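Listed below are the structures to be examined.
Two complexes are shown next, each including chain A; its partner changes from chain B in the first to chain C in the second.
Moving on to the complex of A and B:
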């Protein structure tokens, strides 16, 4: 599931549909947090800006 | 200044050469503090692959390719060349290659070397591969030397994250040894033995550490304690006990806090005690949006040429949501590790974009069954090559 792009400096959270604003143009692959539901979101496209749920961080032991 | 190549066009490095480098490195023993023969082998191969190479003052193997001007952007690939003890017979069984260090961490180091030789570097960028010595000992001699004698605009640490994994951070570490002594007494009497007192100290330390990070759900965020050894003895005059405790330390907790917990645990124990602490490392976690992480994640997604049947069994099930663009790309997985690596040494000093990456299953580290899949190793080289090129393009 990906978000619906809105404007060049904002996007919709694919999890809760809240508005996710950007203070600057984001970077491809950048991970941001939804201000409403706190989901970690990855910028998967820039034109237009598109957000998808970021892969979850896994714990692992060892080096 | 334009990058130069000292030998044949390095981008023609074949998979057969890549595999031979791994085999030869693993076949050359390199216990911590005994790495010279392997470092000499690696520098010779680096030169043949188009890198300017040398052994630095710490004994680490170093290879450099690209723009040598002082202000060039520098991408450092820092692996380690030493291994833990234990002979794992070197052998190839189909796609699986066995040998000490195949995973931890000559696989990642060999992959770094080949990728550095293959990557297309624009003017103004150089890549430096370091095969650091003594990572497997508490000294981290090679990394400490590198931290103060080289610089980096971006860094990848060579440790086995798995071909689809990107390691964002490692916990810190502290090793504590307690020497405890009390006067001998009759075993039918009420006095506690040194062994009993030592165990009481261990219980106090463990309880205090659990309380320090109570409420943290992830193991990564907890102070982990491990009773590594306990010995006791008496000679008729004195009872003695020696206790060794290992700590794995989360972000936000300093080794000095744990030293204070230890001191408090023996403050009224009723015996003569002396603590000795070694291996101080602070946890280090990279920003998961940094250029190195983004480059590796993107390069993993675009890697399509290894079928899933060839991947280790621990690889996650493909997630269609993450396979963007309709291809059969790999699924990148960010990880936090409860161990330590040279990232703990380098990260706080260089303070540059950083992540750890390398082929291999880290659950095979230090085991008699250590092995790596050649198909995974070769895929990691393609991923690293693309990541180096993406980092170079992003930093310029």
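Moving on to the complex of A and C:
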């Protein structure tokens, strides 16, 4: 599920539909958190900015 | 000089590293590991890079991509050997033990019944850890036989093949904190202590970070650990230490894709800048080598002029 892009510096959370603001232009693949529902979101496109729920942590993820 | 930054997710750490590279006007290319593909007989498209800075969250993706790029002669930070040494706790423990570096006792078993025997022989409490994984996930402190049977059965039944490897570590009764030392090359540059009321003190699990002054003993331990894990040149490493009740530091884990967002303000050290220094130094060497090789094989040019006229 992806979110509806709104403006260049904001986007709608695909989980709760709250406004997710960006202080600066995000990068492709950037991970952000929804200020309302705390869902972890990933920037999947830049033009326009599109957010999707970040993938679940996999077994081999880490430091 | 051109640097590739291989990533899967741009977290705070990657953002800080990218900003640091951009601040220095480095020719930077962001490489999404999910888009990575390479024809192994044709390294040409990758020769544009003087180094690739690996920052993936998936160890499998990181190791695979880096192995390919290394085979093309491209320096990767960290190298695949370091990723593999750090990414598997058993491999880490074996390297530490072989090099005489203080580390908790570990037993390994490959069968549930044998694992229970090993736990009993080691004595309670013990800590069961997945050999691969991080952020304090699926750690289990086992205090008695009942808990041991339950955990071993769960791991055998629910886990992947990896959970069939039983990595059993002695429980170190640490003083409410553990330490993390950031190492660049073989030099410890900063350290934090992580405190938690819970026995798991990872900041990913809610541990609170504060700056820690590196002692000469810990400095020496971390330098030796870096050399054991990554050779004389070292690597970019975050070394986790536990302290015994007597205050003796033990190397618990070594991390190859260090997370440092909570450690810049707490230590006062610009960790991303130091990491970038290290990467650029490696890239610079490759850049200079390539330039000298190109000069060596270039056809000699002669000044034109009249020839053979006596």
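Basically, the second predicted complex is superposed on the first by the 57 of 63 C-alpha atoms of A that agree within 3 Å, B and C clash if a C-alpha of one lies under 4 Å from a C-alpha of the other, contacts with A are read in each partner's own complex, and residues count from 1 in each chain.
Quick note on the criterion: contacts are C-beta pairs under 8 Å (C-beta built on N, C-alpha and C of every residue); 3 or more make two chains touch, one makes a residue touch a chain.
Every value quoted in this text rests on a predicted model; they were computed, and no experiment measured them.
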- Query: In the superposed model, does chain B or chain C contact more residues of chain A?
  - Reply: B
- Message: According to the stated criteria, A:61 is in contact with first (chain B), second (chain C), both, or neither; which is it?
- Response: both
- Message: Under the stated touch criterion, which partner chain does A:44 make contact with: chain B (first), chain C (second), both, or neither?
- Response: first
- Which superposed partner A:28 touches (first chain B, second chain C, both, neither): both
- Message: So in the superposed three-chain picture, is A:52 touching just chain B, just chain C, both, or none of them (first/second/both/neither)?
- Response: first
- Do chain B and chain C land on any of the same chain A residues, and which? 27-31, 54, 57-63
- chain B-touching residues of chain A, taken from the complex the two chains share: 1, 27-32, 44, 52-63
- In their shared complex, chain C is touched by residues of chain A numbered 26-31, 42-43, 54, 57-63
- Query: In their complex, what parts of chain B are in touch with chain A?
  - Reply: 104-105, 159-160, 165, 167-168, 170, 218-220, 288-289, 293-295, 297-298, 321-322, 324, 331-341, 362-363, 365
- Query: So in the complex, which bits of chain C are touching chain A?
  - Reply: 7-11, 15, 18, 30, 32, 57-60, 87, 130, 132-135, 137, 160, 162, 238, 255-259
